[in-house]
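Order as written gives the chain letters A, B, C and D; numbering starts at 1 within each chain.
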């Protein structure tokens, strides 16, 4: 089905940032301070405009998206599909290797596309603080944008892989160049972890190609396409289980699920604020998205076989992440950002749990949670960024009583915090509740155990609230942040921080009160997905003897 | 029975071994090169011997001639290089020329 | 016994597809003359040799293909065509590079012989890529080796260069000695020096394994030394570090290419049965599991190359080890032992040519300015010379094998071939190795961009021509990363090695 | 007055406080100290509307009909008026929600509205001059909004949503003076302790949703009534009930989660009044009453025991507290215990009745204490004395003279809480005690402990309440702060009058000795249990005498009782009354003997029974125990896992440290590319091998040759 719009909107939304990157690179750097300052401003606003157009495109997609079509494994019901042969080369024995430029979206990817557009847009404003190497920064930023957007719309495994790896380079430099003291370490760590995950994905991908004779993810989902006596032929074979595990771990590293999560705290602590925002807001989602788009539907039998394992991973991530976050008050550098990072581990655990439930509520909840966590955590990191920009420290113990100094800031912060601890009326609650309702059907005890995560979550969040915002303001912060008043006219938020934070807050509240707009997007696809998975999963469960 | 193929092969093997040994142990570059010569000539012996005893075509002989010729060229170049070494180091002790290493 | 008449006839129609080699020979002679006449004009030899290469290239295209000649001791087929093109491309780049190289362009150094030997070496490689007779193979390899010995030590007043050439010549002599000894043994066993005859003999008669194995392994030693595969890699780092960087680049690509060409031809023609039924699948003669042996060699080679490269601080040396590692990856393609693998090797070489030469050029340009090849001194390069740094990192990413760069495609097809042959374990080793390789490649990038930003060392001027060259290379690296069908198709077409009936 | 309008009114009542919240949070700065007036007037409107709702719902009847227009479903019956609509509408998940008004809700609405209004009024004076004046009223609005939500919810989802909102607004109000560490601590504690209960509540909800796929009370109850049990087991139904009740344990500060309530004193006093009387703690009891129909017999006895324990425990603690508000706080806990107990034993009506009556006099008590503290505070301020704690009753005394009106109202409501006749307290409390007696008779065995606990705490209540009264109001002023206190102005006094007047009997029953003759029992009828008969007390079966042949006590049931229990309760009415009067009287008497006439010296007694005294004074060491166990464990565990993450997973510290020590040299080179953790280990290993291998690269060509040849030989050897 061709795009219902006149033009290839997905190509535009993916490659628009590349154009922006070229524009940014073309901006000449002035010689003296003044002109350099001017060119910096130009680059910033180029980025703002580009990401804004991208956001508009995303909204156009949202408005024209037909909620009644499932997608998942049925190409005819994907939307805005663009499919042209990209590479068509002959090779001995293998014969023709056909790689397609195959884009399309369904209910599983639309929320992610929206999320990417939103977060990429709001994250530009914290980037204004960057002073060094501005040109390189925004070039990398936009390249990263393309990579992420591409991952969410690619339906050809090869293409997916290309986009997946494409992010590594900008991310490495963004953390490495503009990061904190231990940036080198954090950057290389991020790089290695992700690469380890993806190289095995590469092998599985090649194996799948031989078995199916096409790189189209959709073809790989159909058991009938598998050539007899090809490597992944048949169901419930050991090699399929191994391949699934390879994929799953590859994605779990990105999520990150315990025990593959250790890159996250470092990356977050060292990365500059906007990059933390993107990292937590979008990159982590690519892991879970990869699971639901690739690993699960291609190896549904293995999903059934390992279902409880996956659920366990989710549960452990929830509890363990929350405990580590709580522990940040006691050990380590007592770093505000690190605490948020661990909370991400915990919250992404809900997603994994929801996916493991293989129930419509659970999976809708999981995807919704991906979206909500994207918005909420982006807010949290920007909130950390706000005080860091002013006080140049993130120590939990070094603050207190900010509520008096920055009332509006505190107000907005409370929205994010309460959303993060799943307060009803804010979007976080609904997704978590749905995940629980779904997971309870499949794994009552695991779900109840995960419930502890709610309490722990409340504990560390309120603790932070108390330490940082309540109590007495230390004398060292009594004077205004910026005596010159040039950078920070007021002690409270400044304009561009409002622009970044308020929209997210509104989204969180709106979806908290009326989630249907988001849920109805994914609804059809999710049900279709579950129905499609069910038979295999059941057999898998049977084989794994649960 | 007289000298047979086996003897030649054994001889060439011994020569080969000696050549390698010389290459590995001699300090002096020239001696090392002589070791190389031994190796090459052991090959020659093989060629000739096989050609003679196995009643084969003349390839063996031709090969031997080529090898002799190449050995000459190789030594010529090698000696030039050794000469250059001498100019730079004022000695040609192979085992003392080890500035390039990990 | 062939009598004289048909010998001449054979010679004549053989020459009909020997033209490129002849062109090279004439160029070589011409160079000697011009070198004698115009001593003063430095660049003329360079341009003449360029001309020669281009001419040879043209002739390659026009002359007839897929013929055996010189009493079936030499062949010109798509396979050798591919390699000859690669060799010529390398040569062109090297000559261009040599114009900019400081160490070569020193006062009072006469570059005449440099190009002469370059052409001579090229001639040797051409022979290597076409030879089907063990003696010819030996002669050809010696031809290229001997020129390379001299080239390695070309800057003879520099100590490390002369040391490099000494080590090179001794090590080379030994391995060629081993090789010729192996040849002699094989000759004894099969009674022939022509690969095709040898294969036929092996296919028909039963011979005991040990001597056959020893002899063929000794011959492989000769090739292994050319492609610097374990355990014949020892010369590589030292020579690469010592030799003029142009020559290092040259050795790292061209002579490796020749080595792989002859290796593949030896395996296909000499050791696999001609049954066409199986088409592009090879069936090896003799009861030896060559695939396994080569896989082991590949594993050892790439692993060693990578883990030792972790420790290098001299960029030339680091790239030397990285080239060993890449030889390992390519060997994986060889180990598959079918046209699939062959094609993947060809693809790899094409991409490898771009990225490796490019990397060496970047190193040279910077090293000549800052008079150091130490990684430490590359700190802050991203700010002193953004263009070079950017290009260099693109090439490095390609060497790691990350999309969307040519390096990824190269690796992709090698892995594809390996998995297709069900050598999963080898593929796993391969990917793990490429993760290890990430460390040291990224180390370079880290130094260029993340470190040493603060101290202001002032920018490094790069001449326009060089900027164009590196940009073109980087562009091609990206281009073939996203659009690679032509290369693949070409490799596919060149993959089948002509078998003589 | 049609049903639609009534529901509309209900919705307006629900939303108006939210409006007040919005106004004060966003425009608080603009309207400044007017915000108190604004909020109060809004609440006045709420009060009027909810009274209308109350009147029409309780005293008029609506025919039963079902209207379905633009996918909103209106259901009217004599019992309940409700509307339902679908909130989340997916194939995957369909959540129907809505609001419903039955007598329970109607009465509760008035209670909330009135008390909230009075508290607003009171606060105008009390909070005057606070830097965050408007914020305070905003929070009050939010609090009232959430509570009304709970009252009007006709499904578990809304119930839970507003439940959490109540939690958060209590968090905000208790921690209102967050500059004080103790205050923000208290807020945090309240929220977390509640979260524990809420988790149970949520699990209960999950079980129900899983079993019935809906969260509407009606649907769930009718499903149970049709005999569809979760997991087809009555145990799970009991469990579900108990889990849901966990929410009540948290919010209504029942044992063992009662620890947060006394700390909640840290909030402004009017807030305490609100929390204790009408909003937060009432929510738990209200929830229990709301879902009463689904409790099995075992669940009920669990509830009853929890209530009894709480009632007694809190009463004993209250005996020795010296902080004015703490005493009241524990009395609240104790009284809540009564209500829960009464629901548990089956005296449904009386339990809820007590909730209402208690709401008035407890609010009055707190506002009274607020008045006292206010006065003390001002006096202290006036004298420039900052040492005397204005809340410590040992600093008071003699306030009777300085603050006569406060004293009178306080005295009256104290009598009410002690259950002295002519007060509302007497009616409800007497009913509850009768209920416990009846329950004990009908069940017997250890169940007798429940009435015993009930009566005991009745006596204790009388004692400590008068202790409080006497120490603080009678006798001579113990500090000159107390001497200089002045009576407060009418804004503070008015609420006291209103509330005390509401504590007279005639509002509820013409007969000051028997509540059953009033309108209340007719309005609040015990709902018909939906639990299959075999899983509930047969004596609670509505019209139980129909299966009289099986029921043991049912031989002589006369027909004007609802069920067997009703009858037993009626019979035990007078015994209970005399007993309770006796006990209460003794309590009061002893209070006078101890503190007024000083015939006995409490201190000597305390020394004699120092253990008991300490136990009571230190609140049975609950905080200490929790801190030592649960909190310590969690925090410790979190510390451990954070360390674990920092060091082990993220270090394999020993591993890499070991390697580092041993191959320090190599690592030295290696640091700049070191990746930590497991990766670190691998990397180090890799590097280590690398460093081994690179020693082959000696630089001597001859060694190379040697190695090469050896390698070749090895290859031949191994590969053949």
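Everything that follows uses one rule, which is that a residue touches a chain if its C-beta (ideal position, glycine included) is under 8 Å from a C-beta of that chain, and two chains touch if they have at least 3 such contacts.
Remember, it's a predicted structure, so these values are computed and weren't measured experimentally.
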More contacts between chains, A-D or B-D: A-D
CA centroid of subunit B to CA centroid of subunit D, Å: 98
Averaged-CA centre spacing for the pair subunit D and subunit A, given as whole angstrom: 38
Separation of mean Cα positions, subunit D and subunit C [Å, integer]: 80
Between subunit A and subunit B, centroid-to-centroid distance (C-alpha), Å: 66
Subunit C, residues touching no fewer than two other chains: 166-167, 170, 174, 178, 237-238, 308, 311, 439, 442, 446
Overlap residues in subunit A, where contacts from two or more other chains coincide: 184, 188, 192, 196
Residues of subunit B engaged with two or more neighbouring chains: 20, 23, 32, 94, 97, 99-102
Every chain pair in contact, whichever chains are involved: A-C, A-D, B-C, B-D, C-D
Subunit B contact footprint on subunit D (complex, rising order): 694-695, 697-702, 705-706, 709
Footprint of subunit D on subunit A - complex, ascending: 184-185, 188-189, 192-193, 196, 259, 262, 265, 320, 323-328, 330-332, 342, 360-361, 363-364, 401, 403-404, 411, 418, 423-425, 429-430, 433-434, 436-437, 440-441, 444, 447-448, 451-452, 454-456, 458-460, 462-463, 466, 469-472, 515-516, 519-520, 523-524, 526-527, 530
Residues on subunit C engaged by subunit B in the complex (per definition of touch): 135, 138-139, 142, 146, 149-150, 153, 156-157, 159-160, 162-167, 169-170, 173-174, 176-178, 180-181, 183-185, 187-188, 191-193, 237-238, 241-242, 308, 311-312
Residues of subunit C defined as touching subunit D within the complex: 166-167, 170-171, 174-175, 178, 209-210, 213-214, 217-218, 221, 230-232, 234-235, 237-238, 292-293, 296, 304, 307-311, 436, 439-440, 442-443, 446
Subunit C partner contacts - residues on subunit D that touch it in the complex: 669-670, 672-673, 683, 686-687, 689-691, 693-694, 696-697, 699, 701-702, 704-705, 707-712, 715-716, 719-720
